[in-house]
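Report on the structure given below.
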Amino acid sequence: MRKIKYFEAIHEAHYQSMQADDNVIILGLGVPGPTGIFGTTKGLVDTFGKDRVLDMPSSEQGMTGVALGMTIAGYKPVMIHMRVDFSTLAMDQMVNQVAKWHFMYGGKMNAPIVFRMIIGRGWGQGPQHSQSLQAWFAHIPGFKVIMPTTAYDAKGMLISAIKDNSPVVIFEHRWLYNVDGIVPKDPYEVNLDKAKVMLEGNDITIVATSYMVLEALKAAELLSKHGIKSEVIDIRSIVPLDIDTIYTSVKKTRSLIVADTGTVNFGISAEIISRLIEMDHSLLNNLPKRIGLPFCPSPTSPSLAEKFFPRSKDIILAVCDILELDEKNVLVKESDSKHWHDVPDSSFTGPY
Amino acid sequence: MVDLINLFESMLRIRMVEETIAEKYSEQEMRCPTHFCLGQEAIPVGVSIHLRKADYVYSGHRSHGHYLAKGGSLKAMISEIYGKQTGCALGRGGSQHLNDLDAGFIASAPILGGTIPIAVGSVYSINSNVNDRVSVVYFGDGATEEGVFHEALNFASVKKLPVIFVCENNLYSVHSSFDVRQPKDRNISDIGPAHKIPSFRGNGNDIEEVMEIAGNAINTARDGGGPFLLEFMTYRWLEHCGPNEDLHLSYRTKEEMDEWLANCPIRLFENKLREKNILSDKIRVEIEEKISDEINSAFEYAKNSPFPDPQTLFNYTYPKN
Amino acid sequence: MRKIKYFEAIHEAHYQSMQADDNVIILGLGVPGPTGIFGTTKGLVDTFGKDRVLDMPSSEQGMTGVALGMTIAGYKPVMIHMRVDFSTLAMDQMVNQVAKWHFMYGGKMNAPIVFRMIIGRGWGQGPQHSQSLQAWFAHIPGFKVIMPTTAYDAKGMLISAIKDNSPVVIFEHRWLYNVDGIVPKDPYEVNLDKAKVMLEGNDITIVATSYMVLEALKAAELLSKHGIKSEVIDIRSIVPLDIDTIYTSVKKTRSLIVADTGTVNFGISAEIISRLIEMDHSLLNNLPKRIGLPFCPSPTSPSLAEKFFPRSKDIILAVCDILELDEKNVLVKESDSKHWHDVPDSSFTGPY
Amino acid sequence: MVDLINLFESMLRIRMVEETIAEKYSEQEMRCPTHFCLGQEAIPVGVSIHLRKADYVYSGHRSHGHYLAKGGSLKAMISEIYGKQTGCALGRGGSQHLNDLDAGFIASAPILGGTIPIAVGSVYSINSNVNDRVSVVYFGDGATEEGVFHEALNFASVKKLPVIFVCENNLYSVHSSFDVRQPKDRNISDIGPAHKIPSFRGNGNDIEEVMEIAGNAINTARDGGGPFLLEFMTYRWLEHCGPNEDLHLSYRTKEEMDEWLANCPIRLFENKLREKNILSDKIRVEIEEKISDEINSAFEYAKNSPFPDPQTLFNYTYPKN
């Protein structure tokens, strides 16, 4: 059973998709370049050439339109934004054209484009480089929106997304890139509409997206030492949302935490809680909690970022609060205040 | 050789279709924003004469002429404006979202500048051998103020794509005159050279001039000569959106309007054809009757067509896999 | 007590704000033009000149940046988008610069810009001209987001918004423009952080935004004939959200409908339901309902639009469902299927 | 008369500040993305020499030189990079969000093209009398690919605003060379004339040439001559972001790098000054020591400054009314 890293899984998905289908094109600034989008497109140009592994001007809006045009020529473009923040420049093309393309011509046109949106945190990315806008795309009919967490899903869901006839927006968290997992060599697909139970438990349901799944698992592990059995669900697919899997779990635990990488207010956690309550208004035995970015722009200074970006600690506190445990019994004292939590691991030394 | 009578007929057909829409608009059965191109008919006809079925055409909000000149189905267009299931977009889009894939009219959409980069991308090719399909995109002077226009020019130039950018400069964006929006003395055709794109400017109400300029650009682009930017000066006769005149709004003068009315692209051409004895009263009447019949049956078809079934509302949010 | 129309109230707010403060500037395509943004800016240019009532190129992104620059010169710009859909072209400047401007320079800069976003429905506005994106702006820390419903609030909240030091995004529904209400002549302010109880009742709480408040009141009136007393709340302010006023009402009625002009999924109703449940997980006696745009782009054909845009009928059906009434007893049979509900009143004859 | 030694000192100061940041970056106490301008020092210095305190300056991600040349506080900048409460943005922004209102350095921000229209708007005036403040905005060649750049040029031209658009063309956008992003043989200075904006191009490593071109533009703009677009050719020595060299990435050649290193703007100018006997070893050492002292005390200040109190995280989401 082969283990590779998340970024390698994406690379492999690209490679195999391009090999299987001559019409797959990858575009974005630096896509054929020496660092290849954090390694995910590195070297593809050598195999597939610079017309399919396409560098481009920094014209996010125009190049999104170009990608849409490419679909008319029969291509299946994968467009990459090194930060989701840059896609705000392309919002007209994405929302007014791409998302509605199939509908507004009565089903005659398709827009099979994959948008790879990289999100992240840490090392002072700051206000304009660390947003996590999945709620925006989820609000627009026409997009599928997915957030793979494991290397296995990163590969399988990207392959599925490229094959899909809809525009698919993928959110990839930088802090997952170096995490490894078991990934079969052969191409395979993972459905774009199913959540995944990562850990079973009866006491509380922790529903999470992307990197927050890892923090949830970390929290669950610590909690389990104190007899708390958490059920951790990786949402994976924001649109369509697999509410049934979540409902089944909460029906069992009657307790809910939703942990997301985005801003809490008007974010995706609200949709999840609402749908559950629309299914059963007395589903919960206690107050649910949402964990995500608080309501201010991302600060750069590590001292502020420390408070801004939620971690397993915050999930544990929330569980303690919900289940009325004494957090002091559960939380391990954090080692030392000079050690910032703004890097995924000690190998990371900046600058971005 | 270009059949001049055909050209005339093509312009007159656009004119008569638009006049009929305008006339019937007050019946309140065409319930969508509708932008008329009366007075601007020469440009799409002069361009399309050089186009093949396989070539692509794109447009914005004022698209009827572009669609018809490229061979888009009249019945499907009128039905679309009536919001019917038989419309070219199954009633989902209305006047602002025409398409007819069989005719090579790919898409129109009302967000300014929106279709410009799409037109560029659609003739991108990973095969180095020249793609002899060209892509034409029409847009107004106002749309050139959108950054995406410049982004599209830049990329088309980098990749030397066979795109003909056609600006119909009618001096106004809604009620705002050119000089409050753009440097007074600049031509839009000045923008091409900044991106190393050959650009030409001409009288958009003179179909022969349009034909010549467009023909040169299209043929060169088809032969691998890369993109072109064309600016044609013209004038919109009716209000920005809707079937009425709007002189009472006073954002433009009666003198200006009269001058342009005198410059009617169809009358100008008709006079020439008559001078050359190519067109006679008899032929004109025959053409008119033929067009009238076609229009009548298109409207009848549209009116008799069913509305989309509300139960199908969700059918096209996502395509099937 | 003077009655004027909503659009006249906006006009008056502009006039009085510009008179009170020389630094107020209005900009947008056609702002000084003969129709003056549906009458709301008509003639202002005659009093204040074309440098303060500023026409502009169709460069939404650039002109948003220009407006932000104007604040550095000491101006207070009001920027108008004739459809909120056009603001998608300005999303980078709005979200990455304007919203974060105060924060990202440590409080040294302000961005006191008002964005007037016009939303609407009907007459085949279609996929690219009838979105209602308040959820997007509400999700971005830094914006205040308001949706005045009455002529009184339209004037008072616009005056407050112009005075406010934050960027304020106002959503105005076209179908409110011709509705009149009592509006004092003198300038006055209305707080930007308070919901308003429009109708008191004990049976069910209907929380609504903008034009949907009128539909809610219509529904409530009909329901009252059948003995159902609805409490109708006009949310008015999306950010900050006055959850306490809503909570107080639902605590009383234990029944909730949220009716919004935007897409339901991942929209503002979800936030409202979530916050309530976070305050009290057993608040509701029955399932809550969200009413808004269903999950597809806006169709143009009136036959589809009829089903797409929710009306009082849909609210009544929801109430019947929640309170287990027989809807056949309540609903008036609609007159005739040839009469589309795609105009605000019979004076409206298109074309936009 | 320009004090040539001052110019030299100003360039050297930027150089030495950047070198010190680079050197200390590996200590991992400057925890934010940091873009160095080593090799590009002549442009901000040659431009700023013509600027007054009241003039406005804007920049993008690579802003240290622009900030320092305009007189931005070194202590506040270093503190900002260290994420400290004493930083010019109270630690909220980091290297990419410098500002110093006292010095007229209004804002830098890393979204490409983002500050360009802001610079334009900030010298808009409703008073018809000429505003003798000018606004300078620096950006790279890559930023000119953003549509907003063109939108900003257009509006500045329509309103004849005193904006100096300064493009530092260093041939690359991250690792992508010019020709994959823009028409190979176009100059960015070609774009100005399309918007009726006078434009000039020069050697950005020759401070005297920069000074001359910039002076002409700034003085004319100040006198009501409207906007200018300036393109200066230059080269980035270090990696796109961060303190290291990056020749091993092979997106550029050693030959190219060596050529530009030989073209060091500071060395070129130093040689001239020495030839003219304006600069001696002794003076140079004095200058260096003075700068060193200033840098040392700025770093000491920054390191000793407190971090922002986490309790103040929400302080600046909304301003007070």
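We just call them A, B, C and D in the order they show up, numbering each chain from 1.
Keep in mind that, in the parts below, a contact is a pair of C-beta atoms (placed from the backbone, for glycine too) under 8 Å apart; a residue touches a chain by one contact, two chains touch by 3 or more.
These numbers come from a predicted model, not from an experiment.
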Mutual neighbours - chains that touch chain A and chain B alike: C, D
Chain located farthest away, centre of chain A as origin (C-alpha): B
Inter-chain centre distance, chain C versus chain D - centres from mean C-alpha coordinates, in Å: 42
Chain B and chain C, separation of their C-alpha mean positions in angstrom: 35
Sequence positions of chain B contacting 2 or more other chains: 87, 89, 91-93, 97, 109, 111, 114, 145-148, 150-151, 154, 158, 180-182, 316-317
Where chain C touches two or more other chains at once, by residue number: 56-57, 59, 61-62, 85, 89, 92, 96, 103-104, 126-128, 141-142, 295-297, 299
Arrangement of touching chains [line / ring / star / complete / other]: complete
Of all residues in chain C, those that touch chain D in their complex: 22, 25, 49, 51-52, 56-57, 59, 61-73, 75, 92-93, 96-97, 102-110, 141-142, 144, 163-166
Sites on chain A touched by chain D in the complex: 29-30, 33-35, 50, 55-62, 85-86, 89, 123-129, 294-297, 299-304, 306-308, 340, 342, 349-352
Chain B-touching residues of chain D, taken from the complex the two chains share: 145-151, 154, 157-158, 179-183, 185-186, 190-191, 193-196
Residue ranges of chain A touching chain C (in the complex, touch as defined): 61, 85, 88-89, 91-92, 95-96, 99-100, 103-104, 126-128, 131, 133, 135-136, 138-142, 239, 262-263, 265-271, 273-274, 277-282, 284-290, 295-297, 299
Chain A contact footprint on chain D (complex, rising order): 25-26, 28, 30-34, 83-84, 87, 89, 91-97, 109-114, 142-143, 145-148, 173-176, 180-182, 241-243, 249-251, 307-310, 312-314, 316-317
